Amino acid sequence: MPAADADRGDRRSGLGLQQRRALNHAAIFLTIVGLWELGSRMGWLDPLFYPRPSNILRSFWLIYIENGNIWPEIYSTASLVLSGFVAGSVLGVSLGALVGLNGMVRRFVKPYVIVLEATPRIAVAPLLIAALGFGASSKIAIIMLVCFFPPFINTLSGVVNVDEQRLELFRSLGASKLQLMRKLVLPDALPVIMAGERLAMTSALSGALVAEFIQRDQGLGALIMTYTRNLNMASSFACIFTLTILGFLIFRFMEWLDRRIAFWNSEEGLQRVGARRRKRMEGLA
Amino acid sequence: MNMPTQNSGQADTADQAADAGAKDAVVAARGLSKTFADGTVVALEGASFDIAPGSFVSLVGPSGCGKSTLLRLIAGLIDKSSGHLKVHGKPVDAPRTDVGMMFQRATLLEWRTAIENVLLPTEIKRSLTKEDRRNAAELLRMVGLHDFRFSFPTQLSGGMQQRVALARLLQTGADVLLLDEPFGALDEFTRERLNVELMRIVAEVGATTLFVTHNIAEAIFLADQVFVMTPRPGRIASIVEVPFERPRSPSLQTSPEFNEVVAEVRDILGEDH
Amino acid sequence: MSDRRSSSYALAYWALRALPHLLLLLALLPVWELAVSTGFITSILVPPPSEIIASIWELYVLDGTIYPHFLITLTETVAGFAIGAAVAITLAVCSALSETFKRYVSPYAIVLNVTPGIALTPVVIAWFGYGMGSKVALAAIISFFPIFVNALTGLLQVDRDSEEMFRSLGASDRQAFLKLRVPASLPLVFAGLKIGLTTALIGAVVAEFAQATAGVGVLMNRFSFQLDMGSSIATLLSMTLIGLLLFYAMEFLDDRVVFWRREGRRSVVSRARARRWAAKFGGHESPETEAASSK
């Protein structure tokens, strides 16, 4: 079959292309790292400020395995981020829905929202620390604050921008306000709300870091601060790359959550949930 | 009605046929075929026809019958897989200045006023002269939008936007006009009015026109010849001559003679239309 | 239609709209004050309005201590934003023009995206010192990504039909890029610039929190540690002001550049172009054609 032959040939050359590209990626990466290492060894880059890649690797070994001192800090930061995120975004979504429901309330809240949107929320950190004292509570408060706004604003706009015709359909069916909210408005706004949650999660990590920079007691932020002050830049970078990995994991997690919750936006989600519902319906019959 | 020559694909006979094609044909095709990249979808198979200068041809058929593919082949936007295609006696291998195209969407640039949109084709070729500008204003007058020449597309209704697109098409100076369901997205009333105007305008500039639609009545009302196309694989099933005098008025569409032609086309398309 | 009359109408309209808001605020202030003075709310958490107003009076009018700090933070933010935006847009244009460039640059952009830029604060301060340099650098680093990703999305996301139209006109790649892709990307570019501006301000302020000698962040830190909540909130107000100032400056630019998305601006530009056309090429009739509203 000539068609199948051509197909196989295509795939073979495609694989080759991909391998070549992966090789190029690796070559570029190694060149950058190599130049950096070389620059540091030749004294073009002050190793005190610009740590050698080899030293960063050694720091990874030290803080993860030999001393293992990064684990409690990762735990501290991650648990703060998670609790602050959950509290802040739940608050944001519920308040957003509440405010969005009533046109009157919405009108009076709007100017405050505009002012608060323009304020860098993280800037409130010192104030909250002063008010609530050092410790976990003020850190969580900061994370809650930065996690509150994106879901709040997105929920608000999602609730307000409901399709007029669907709204009319629900009214013609005599739906109550609660039914309207549960069966139309919130599901309809879900993709927008999830976009807000993603933003919130990203800023949650930043919020935690700022709180830890100021308090300098626990967590990855405090660790980076300490290492940098001691000019142990290699370990600082190991911590920063740890945050890269953490950020990546959070990103993937939020993506996964988005696919679970707003399943109707992807073909795969439609099939998965469709199959499940069919099974349930058939079980009932 | 005459059946088109069904081309079996032998290159030599097709070649002779192409050379033998009517000398004065503006668009001439022999055994024109298009297969898309994965090798399974035959979008167009063995199309052969000659289009006389100044004539109006409608391409009608259900989706997947290759009418848009045929138009894009003539426009030089896609390459043919086999067969021969000549416009003004020269093979088509790239977009050309003597062929202009108009799409279902107006594709106007939102940041340009109507007249600046009309001037775009000229601007792409060379720097503008005062004559170009006067010509563009004149074309906008021809499509009835002279008073709106400094309006932005988003300030115009859908029908007005298509008129601007038509003026832009005429500004290209092309004498072969390809229209891919140009008024398909508009409401019935606007579409009918624009169709009548389109007939007037192409007659005025004396252009050869290919008009794609899936509305049989519209196809017949506008055209001198209707290419009736069927899908899987896309091919020209028949070429129907439309006998009515010009200028035509919309009331023609209610006459029994008109309905006879409609019935004939419907017959060729089969019962699934 | 007289522009002056319509603008005074608009003013009256806005005054009428703002009135209930002001009344509500005025009604809330005594309640708040009372709640604090009776101990219903602890004053350390929420200072009474009188204290905030007194601090504002002192910082902004009496002493004017805030202004040099305000200017420093504003400068850091704008400078950082300008650098971040310049790099981001250059890289986005290169990535849009060259598939290869995009392929080999995007992994680094993604790494930069998932790393919280704030994490670099101590390192950036170690590299660029305690002065304005480190604040500008951090602002540039964290404003880079939103601008880059928006500009790139804008440049890559192009209407297929319009692209085909350009090809049918025989346009070169260069013409299609300059006349179609670049203008079509502008709304998204500006959306990115607005986000970038906000993040640049965050970068500057956070770097000031970490280590600095001047700037509103320093002031904020100082007042907070003295538990002077009134002054802290008064300082916070100037951050809001910087935020609003920059946001509206960008909004103004957006309005001018992406005029075709703004109903009001569209007709103004339409009339201006008609006038310019008439002046340059002469119109055989009055160019004062009113734009039709779309039906």
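Should a chain be cited, it is by its letter among A, B and C, assigned in written order, with residues numbered from 1 in that chain.
In the analysis below, a contact is a pair of C-beta atoms (placed from the backbone, for glycine too) under 8 Å apart; a residue touches a chain by one contact, two chains touch by 3 or more.
The UniProt protein names, listed by chain, are A, C = ABC transporter permease.
Being a predicted model, the structure only gives us computed values, none of them experimental.
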Chain whose Cα centroid lies at the greatest distance from that of subunit A (ABC transporter permease)
B
Which chain pair shows the largest tally of C-beta contacts?
A-C
Rounded to the nearest Å, the gap separating the Cα centres of subunit A (ABC transporter permease) and subunit C (ABC transporter permease) is 22
Taking each chain's centre as the mean of its CA atoms, how far is subunit A (ABC transporter permease) from subunit B in angstrom?
51
Please work out the Cα centroid separation of subunit B and subunit C (ABC transporter permease), and write it as a whole number of Å.
48
For subunit C (ABC transporter permease), give me the residues that contact two or more of the other chains.
none
In the complex of these two chains, what residues of subunit C (ABC transporter permease) are touching subunit B?
159, 161-162, 164-171, 175, 179-180, 183-184, 259-261, 266-267, 269-271, 273-274, 277, 281, 287, 289, 291-295
What does subunit A (ABC transporter permease) use to touch subunit C (ABC transporter permease) in their complex?
21, 24-25, 28, 49, 108, 111, 115-120, 122-127, 129-132, 202, 205-206, 209-210, 213-214, 220-221, 224-225, 227-229, 231, 233, 236-237, 239-241, 243-244, 247-248, 250-251
Which residues, counting only subunit B, touch subunit C (ABC transporter permease) once they are in their complex?
75-77, 94-97, 99-101, 103-105, 107, 109-111, 113, 115-116, 120-121, 123-125, 130, 133, 147-152, 154-157, 160, 172
For subunit C (ABC transporter permease), which residues count as touching subunit A (ABC transporter permease) in their complex?
20-21, 24, 44-45, 103-104, 107, 111, 114-123, 125-127, 198, 201-202, 205-206, 209-210, 217, 220-221, 224-225, 227, 229, 232-233, 236, 239-240, 243-244, 247
